[in-house]
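Same chain, two partners: chain A is paired with chain B first, then with chain C.
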Partner chain A sequence: MRRRLLIVIMTMIAAGFAAPAMGQEPAPSDDQVNEIAGDLYCPVCPNTPLDVCETLACSEWREQIREQIASGMSESEITDYFVEQYGERVLAKPRRSGFSLVLWILPLVGVGVGLIALGGVLRTWRREQEPEAANTADDSAVSAEMRQRIEEELRNLS
Partner chain B sequence: MIAEIGFVALSVAFALTVYATAVSAWGGWREQPVWVQSARSAVLLTAGLLTLSVGTLIYSLQISDFSIAYVAENSNLAMPSYLRVSALWGGQAGSLLFWAWLMSCFVAAVLVGKWDRDRDLMPYFISVATLTTGFFIGVTLFISNPFTRLWLVPGADELTIALFSPAGAMLYSLPDGNGLNPLLRHFGMIFHPPTTYLGFTGFVVPYAFAMSALISGRARDDRWIRTSRRWTLVAWVFLSVGLLLGGRWAYDVLGWGGFWGWDPVENAMLLPWLTGTAFLHSVMITERRGMLKVWSVLLIVLTYSLALFGTFITRSGVISSVHAFGTTALGPAFFIFIGVTFLATMGLLVKRLELMRSDHEMESFLSREAAFLLQNVVFLAITFVVFLGTVFPLLSELFTGDKVTVGPPYFKATAGPLFAVLLLLMGVAPLIAWRKQVAARLGDQLRIPVVASVVLTAIWGYMYESPWVAYPALWLVVFATLAILVEFWKGIRSRTSQGENPVAAFNSLITRNRRRYGGYFVHLAVIMIGMGFIGEAFFQQQTQGTLAQGESLHMAGYTVRFDNLRQYIGPDGRQVTDATTSVLKDGQLLATLHPRQDFFAEHGQRVTAPDAYSTFGGDVYVILIGWDNIGTGGSTFKVYYNPLIAWTWIGAFVLIGGTLVAMWPQAAGRTQRTYVLKPVSQGPRLGTGGAAS
Partner chain C sequence: MQERLPVGTRSRLRTLVGFSSILALLGLLALLGWGLRQTHAAQPDDGMAPGFTLTSFDGETTSLEELRGKVVIINFWASWCIPCRAEADDLEAMSRKYADDVVFIGVDYADTEKGALKFIEEYGITYFNGPDLGTRIASEYRIKSVPETFYVGKNGELQGLRIGPLSPGELEFKILELLDDR
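After this line comes the complex of A and B, so read on.
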């Protein structure tokens, strides 16, 4: 990890030298930087978005984003650069390609299977129940005599 | 010496759980109550011994016995005594012991209270519950023991950590300990782990009752559900509050502007909550209509397994990398235990399928039963996507060698719409009748909430300058709330029309049907909590800038002005950098905020403590990010506007209140009476005389 960090910092320093001279335009604001950094994850600390990560390395990465914006790179170009440098793990939202496609397809499959299963269960329950429909109707219907008894007892109850 | 007492108590407790598991199952199988009676005594004794064990560890933390490795690692002399208590769950070994203790207390409490009423369910209940408790005690004893000591072996460079003295070694006591991780020094972190653990461990009670019903062949009736209902609610409310406390901690300490980051540890806690909530609903159909028996058992098994999975995730370090899995025996031990119990349970369930046929069948697609079922499917779908997103980085690393990150955008895109369906169901389902609902009448009932909610949403959205995508979310909140309030209103009106005054009517409405109206309160709470999520997803604003003294940042109509910066050393040695900022609106001072950064030199750790000005509409949340020179130079601030977030915390209290209403026993004499028709044989004509007796 440490060696990787070193390499990262070295490349950043190199990139810093290579960056075109600034000064003609005002430097991109923190908000512009955060907007891009918010969709990226810190390549070294697990599960920390780049815009809030407090490590020194991350603040240097944010400076790098600022320079990239200043040099006219678009958001997707900057994102691509980071993916190329540090792998897909820097993306907050995995790409919809390759193995990560599984991540996006499975929920749809899961919900679909769930709904089909639900529909199937409800249907079989209804089908089983239908032949008995006449029966249950008889059961639940209270005979006139019974109803009279209930009425009468209720009257006496109060 | 004290630590040895704790260790011996732990060892004896382990032996007792092994004994109780075996003997109780034997007693149940051979129908010899004397063995079960003995197992019960063993369980009660286990709880006592673990209490003693926990007590000795707390005592060792209090007296700063730094010859105990755990004490030296997780506390130091500067810590106040309440933090020393919380150090019990600040580290791995202590939290496992704490977990085992809570679980044994739950099991013992069940055996004290329910012993006589459910004798026939008890043998296997004890057996299953002590098996789990025994697993945790075993892990604490053999893998991650909090009572290991530090030893100095002559000639060695490093201290040896062991339970018993290595040959020729001397006990070594460090002058001072490491201290609790600075991030954990917050009230949320003092209460969050115990409440979450109470939630996790509490689910062992319904699980063990379900297993007992399966093993003993009594799964046909729903007595295991009635018996365990209150325990399930206790577990559920603790888990809910634990989740919210964790969110509050993240909001106050982590300083990234939100309270829920969809990070694997949070997700791992959310998973059993999701299935547990589905379980709470599915058992209602099982109780009322004798349906979905297998499904209810399945859900509690899932809940229990996911609670174990949560501990596995948080404690094995597997989430940071699959390669961390084998570094301690803890990961494999949990993995095997979860796998074995899950498979064994499933096998048992399949074997008993025949027993658990439904008493009734579904009568209509438009019925309360069907709505519950849909709700259950949605809950499981959310569980599935959250689980998938949580373990996907591991799968990816395993199959392709590349790590990926699954962050909030994924969960918002997948789980978000599913939660929206739940909100909709929350509004509609309580209006749908059991068995069969006539569609036209449902339409009549829905007309008022639908029309009113559309109007109110339009006004609300206009005032909030809402983006169009947020309107459906706002509407769901308004609609679900109105639908529930209409239910209350209808209940009260039918009582006031009989001459009761409104307050008394409200009171008697709730006390006469605690489960129903307690449930509505909880629904309202969930909507409030959901408002925080909606605010974050659609309306959050942020800005960042470096300010000289007197300069301001502007956002959402608020002005945040940087006034001053000072640095000092805190009582526990932290180096505090404290900024004074003013929140203004229309030139009027609303609040003075003190965002801070604390640096803990001994841990090399920096803690960002944001400060917030909170209103019902939204929070102005200020973070101090950096500074150049004291006072004169610029300081960098990040300011978030977090709309509606206060409702999440209010919702937590409503949720607790609602659950209490639902759990509280029906007052004597107020229980709903059932009236049995008198037999015909009593006379040719009935009802002559006082029939009510």
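After this line comes the complex of A and C, so read on.
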């Protein structure tokens, strides 16, 4: 009986020590923070990614990301929060929806139009060169014939 | 042997591609022009003050339109901004002194809520303060940095702005000028 009581007490003590250790999540690492911060721009320093920005403001924002990760927010929830607070300009990559979609489509359209134009130019050049090549071939044929006639004429003369 | 398109179709296709290319180029140039104009547009310092609605850190909401008839001081600030600290005490003192006639609005620009609340507590700021969500108000007023202070007359028109921290006595001088302007 006494032995059982001892085991119960020992188990409760062990559980008491283990509970806080199990409940305490480790703080999000710098890598976890920078993974999200790298996709965001500093809202006040032009063209500076948040993960490398050295201003006080940026360090506060990184700390905020750390707290948000610790509170269980997902990457997209954190990104949405930043967009709501500071506008879409904080996004390193524009969203593939709404007006931002134009920023993704426009370069592709540009490349497409460029390729079509290049194809057109190349075709035109080839077409211009074909008759020249044909003419050159004809010229050489005539020359050979002429050469033969000249040789014959020369032979007749002699 | 590659089949060639009829001459008429080829010509129409070439015109279409050329026209589309020119159109795309013009569109791109227009976009660039618009962007440049937005970037280099002057800050508003007269005419009607751009309207806005702001929700404070306490959850109260105010709009510039409903403050017509009163002098309004709009101050853009941030907790990370060092010069904002230099003018914080003066702004608070003036807001208390002219509480009956002048409305002070603090617009917290690109800040963390935690940092902003700490700043407000540190300087004992009691006037209306709220975060500029999406930096929409800052865009309307085309602010270049913080702090910036805009003066709005009783008629709702802008009566000038101050870029950078306010020097001692400057704000009170301006307030008296605006209160005298009937």
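FYI, the second predicted complex is superposed on the first by the 109 of 158 C-alpha atoms of A that agree within 3 Å, B and C clash if a C-alpha of one lies under 4 Å from a C-alpha of the other, contacts with A are read in each partner's own complex, and residues count from 1 in each chain.
Just so it is clear, a contact is a pair of C-beta atoms (placed from the backbone, for glycine too) under 8 Å apart; a residue touches a chain by one contact, two chains touch by 3 or more.
Please read these numbers as outputs of a predicted model, since none were measured by experiment.
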item: Contacts of A:85 with chain B and chain C, given as first, second, both or neither; value: second
item: Chain B versus chain C, judged by how many residues of chain A each one touches; value: B
item: Contacts of A:52 with chain B and chain C, given as first, second, both or neither; value: first
item: Partner chain(s) touched by A:76 [first = chain B, second = chain C, both, neither]; value: neither
item: Contacts of A:97 with chain B and chain C, given as first, second, both or neither; value: neither
item: Which of chain B and chain C A:153 touches, first, second, both or neither; value: first
item: Which of chain B and chain C A:110 touches, first, second, both or neither; value: both
item: Interface residues of chain A shared between complexes with chain B and chain C; value: 87, 106, 110, 117
item: Footprint of chain A on chain B - complex, ascending; value: 255-257, 261, 263-264, 319-320, 361-365, 370, 373-374, 377, 380-381, 384-385, 388-389, 392-393, 395-396, 399-400, 402-410, 413-414, 418, 542-546, 606, 608, 626, 636, 638, 675, 677-678, 686-687, 689-692
item: Interfacial residue positions of chain C with respect to chain A in the complex; value: 14, 17, 20-21, 24, 28, 78-80, 110-112, 114-115, 131, 133-136, 139
item: Touch list for chain A against partner chain C, complex; value: 43-44, 55-57, 60-61, 63-64, 83-87, 106, 109-110, 113, 116-117, 120
item: Chain B-facing residues of chain A, complex; value: 29-31, 34, 39, 41, 46-47, 49, 52, 54, 59, 87-94, 98-100, 102-103, 106-107, 110-111, 114-115, 117-118, 121-122, 125-126, 128-129, 149-150, 152-153, 155-157
